[in-house]
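Both complexes below contain subunit A, partnered by subunit B and then by subunit C.
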Partner chain A sequence: MNNVVDALQWLTTEDNWWGESGILNRLWEHVQYSFWATLLAAAIALPIGLLIGHTGRGVFVGVNLSGLARAIPTLAVVILVYKLRPLTAWPVVLALTLLAAPPILANTVAGIRGVDPDVRDAAEGMGMTGRTVLWRAELPIALPLVFAGVRSAANQVIATATVAAYAGLGGLGRFITDGYALRRYDEVFGGAILIVALVFVVEGVLALVQRMLVSPGLRRERQPFALLPSRASAPIPELEPLT
Partner chain B sequence: MSWSGRQLAGNWDVLWHYTWLHLRFTVQSLVLGAIVAFVLGYVAYRWRGTYVPLLGIANALYAVPSLAMFAILGTFFGILSDRSLIVAMAIYTLAILLRNMVEGLRAVSPNVIDASTAMGYRPTRRFLTVELPLALPAIVAGLRVAAVSTISILTVGGVIGRGGLGQMFRDGYVRNITIEVWAALVAVVVLALVADALIFLAGRAATPWTRVRGAR
Partner chain C sequence: MSHHPRRTTTRLAALLAAPLLLLAACGDDDDDAASDTTAAAATAAPDTDAPATDAPATDAPATDAPGTSTAGGGADLADVSLTVGSANFPENELLAEIYAQALEANGATVDRQLNIGNRETYFAAIEGGEIQLLPEYTNSLLSFLLRQRDESPTATNIEEQVAALREELPDNLTVLDASTAEDKDVIVCNAETAEQYGLETLSDLAEVSGEITLGAPPEFAERTPFGIPGFQELYGAEFAEFVPLEIGPPIVDALTSNAINCGNLFSTMSVITTEGFVALEDDKTIVPNEAVLPLIATELAENEGVASVLNEVSATLDTDGLKELMVRVEADAEAPADVAGDWLAENGLA
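Coming up: the complex of A and B.
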């Protein structure tokens, strides 16, 4: 437990918080990378997911592509992208975007596809046409799942931005990679604690946003630990009907 | 074992060495994670009240970024030990499997359970021979996700000079050998796809009844 004490000592030393390589600046860098990557990923994956889900075309391709993306190791992508354009952040942000898009896409498709066909029929019966059905019926109902995708993407991006530090960039990962390199393990553990804290804070904020956006009528009775992270709360893949 | 020159030729033994190492770590973490998930899954299924807290803890652990997880587990297993890598991956596996196992078990039709009880199955035997097999498709689906994620995330160990193919990423980065990074990247993806396909096929072989015509 000595390490924990050391880490707390490191965290509570004022000098570690200020300056270019201080905690506050690293935190800000980390938040910036993560924010832009998640936003870009959502901007790309959401429309495509809505289109695939609504029309039902390309579901197979979309789902399998996002499954395949899981296999691609982030570290390699970050290294290769960084080799192309060293010392700039945006290629890494783009790499993070690539990794954040699949969960959003998969969950959006699953969410829209999972809407009860009766609801769709009812919406059409009420005189809604294609696009209105999507916006007024399908999307609101799919929103919890769509949001689970965004949360899972944000989580992955924050985790991955840690790795980006390995390729000479900033962010909280610096404390871990530098700490390992210099054998300053108080810094390693302190950095790890900060990253975990950031993950949980972002999860909490997104959970609150979700709570405000999702219609109260859809709030499931049994949604355990809504404030806890949701990387695992993607839909169970290929859950075949059980007899 | 290290890469020589800037070409692939002559370095196949390096690639093979790290691929094998990677596979070994993956199997160890998956087995460890699966065993714990099986026990906890049984507990969560049998005593319903424990499911939400168990899943909450598992999800919280799942959210810890891998690099941070290695560091934190290093506190217990020694800072540069392979064990923290294996345990970290086992924890991720556990989080995926626990959920799939319990949801799969809960989806077993109560009629089937009633029928087997009426046929004289006691709870333990019923669990092992009726409920668990019927939940297999969900468990296999979870195992596939866990295997692919483990193979991919394990490479992060390269940052601290541990693990399998991730060490080639590190070496390629430090020594500026792009082809080494590419070779390891391809190896990771191929390994993941092969593992995915193998588990899928094993799952199919283990659940022949899901393909019986007119079964439903």
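Coming up: the complex of A and C.
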């Protein structure tokens, strides 16, 4: 319990917030690594997920590959890339991208595959072609699940971006690594608290973005009689997406 | 049936689990590291046993020769059991193996808890009695003990350092005789940097320090004398940038790719030779003597057999010998346990 008190004291000491090794700068670095990794992962996983989901081809391979990718140890990737590009952001960003891509891919596929076939039929009946069906019908309906994947990925990335400290970079992991090396446990605990807090804040922001982007018609809690959302937000059983 | 609450709960659980998983993953790493070394020691054991069982035959005359000494085979340590620890770098692991196998050769039962971490971490373990013996370095240990009172060592030679250590250590810990083997912190620069600025000594480095990026472990940022404040005080050096990196591959890789100009390594590391780094001469002695010696539980040190076995090891160990052993461990990737066993056998200590 003493550690928590010390950590709070460390957090509320103004000197600890400013400067290159201050909390604000470390927080900013942490956000940057996490942002680029999640963005890169989304840029890779979303198109592939949409394609697999829409065409229905490669579902088995895609979902299993993304499951396998989750087994890759992040620190090993950091070490391997560090050997090639020491003291750049690449080891961290690439390792975190590999961490973030699988949940986004799995949820995107599950979201698109989970769209009611009747909706697809109706869209085609209205004269939409393949791509339009995807953009105007499938994706909007799948959006809650796609978002769940992105949020889950972002959470994992923020919590794991502490590995940057191993690669001689910044981020909130510095407080944990340096605090440990110098036996300053208030700093270790304070850093951990900051990371958890950042996860909560980002989760809140993404939830807000989701609320703005997802069609109000898909919010089941507000539209108890709507027919679509029950299918839209429900994962299809065999895919077991991470939510 | 409502899906939404389930989803929220799962997400919340995932959210809460994320930091926990991270902690668990860290824990796993430690366990892995520990079990790896145990596994390494276990697999190495048959190998070391083989020469060891051969050794007595060939060494029989050798053990007769120094017959007056009780160490190297004379002590009966059958009722002694202990846990040997080591810091998280190969040389310390090798030294721990040397201590462990020397004691085992005299009948002691030895558990190994190698690669524990940095001094801050393993000292807590030996102070708490989880381990009883660990290879240490005179000045580093003394600085560590005095830093807790915001003091720095005044001892200038090994003898004074040993006396000061016995004074400063908590009652349950002591040190035995020091060896002449020294492993000091050293600042090395990659060949490119050394050539560009014509660097040979730390004074040379201080003159151009405003253009130098230096890599060293995080604690370097605040340590005296060997750290940023000490360098500023003694050499008047102000480095352009300090990059916190662990000694070993992180610093070596950063040096070879010129991501850092200079870095903190240990003087007995074989990589300094193999990568063509230039070790800078410490012309103002910022790094004092660092003689290898056993840090040991007082209770165990009071056992004369144990003390004489370890003192005999220290009397035999010197810097050149240690460097040779380190090339085998680092460049030839031989198991520390094997290298330790060979050295003990060669010197008639096992």
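Rule of thumb we're sticking to: the second predicted complex is superposed on the first by the 220 of 243 C-alpha atoms of A that agree within 3 Å, B and C clash if a C-alpha of one lies under 4 Å from a C-alpha of the other, contacts with A are read in each partner's own complex, and residues count from 1 in each chain.
One rule holds for everything that comes next: a contact is a pair of C-beta atoms (placed from the backbone, for glycine too) under 8 Å apart; a residue touches a chain by one contact, two chains touch by 3 or more.
All values reported here derive from a predicted model rather than from experimental measurement.
**Q** So in the superposed three-chain picture, is A:N3 touching just subunit B, just subunit C, both, or none of them (first/second/both/neither)?
**A** So A:N3 only meets subunit B here.
**Q** Considering only touches as defined above, state whether A:L87 meets subunit B (first), subunit C (second), both or neither.
**A** The second partner, subunit C, only.
**Q** After lining up the shared chain so the two structures overlap, which partner does A:I195 touch, if you call subunit B first and subunit C second: first, second, both or neither?
**A** Both partners.
**Q** Could you say whether A:L75 touches subunit B, subunit C, both of them, or neither, answering first, second, both or neither?
**A** Both subunit B and subunit C are touched by A:L75.
**Q** In the overlay, work out which of subunit B or subunit C sits against more residues of subunit A.
**A** Of the two chains, more subunit A residues are contacted by B.
**Q** Quick check on the superposed pair: does A:N16 touch subunit B, subunit C, both, or neither? Answer first, second, both or neither.
**A** The answer is neither, since A:N16 touches no partner chain.
**Q** For A:E203 in the superposed arrangement: first (subunit B), second (subunit C), both or neither?
**A** In the superposition, A:E203 contacts both subunit B and subunit C.
**Q** Considering only the touch criterion stated at the top, classify A:S66 as touching first (subunit B), second (subunit C), both, or neither.
**A** In the superposed model, A:S66 contacts neither subunit B nor subunit C.
**Q** Residue overlap on subunit A between the subunit B contact set and the subunit C contact set?
**A** 75, 79, 83, 155, 159-160, 162, 166-167, 177, 180, 192, 195-196, 199-200, 203, 230, 233, 242-243
**Q** Over in the complex, which subunit A residues touch subunit B? Could you list them?
**A** Interface residues on the subunit A side: 1, 3-4, 67-68, 70-77, 79-80, 83, 155, 158-160, 162-163, 166-167, 173, 176-177, 179-180, 185, 188-189, 191-193, 195-196, 199-200, 203, 222, 224-225, 228-233, 236-243.
**Q** Which residues, counting only subunit B, touch subunit A once they are in their complex?
**A** My answer: residues 52, 55-56, 58-60, 62-69, 71-72, 74-75, 79, 95-96, 99-100, 103-104, 107-109, 112, 134-135, 137-138, 141-142, 144-145, 148-149, 151-153, 155-156, 158-160, 165-166, 169, 172-173, 176, 178, 181-182, 184-185, 188-189, 192-193, 196, 210, 215-216.
**Q** Enumerate the contact residues on subunit C facing subunit A in the complex.
**A** Within the complex, subunit C contacts subunit A at residues 2-4, 7, 10-11, 14-15, 18-19, 21-22, 29, 118, 120-121, 215, 217-219, 221-222, 243-246, 249-250, 253-254, 257, 259-260.
**Q** Using the touch rule from the top, collect the residues of subunit A that touch subunit C in their complex.
**A** 75, 79, 82-83, 85-88, 148, 151-152, 155-156, 159-160, 162, 165-168, 174, 177-178, 180-183, 192, 195-196, 199-200, 203, 220-221, 230, 233-234, 242-243
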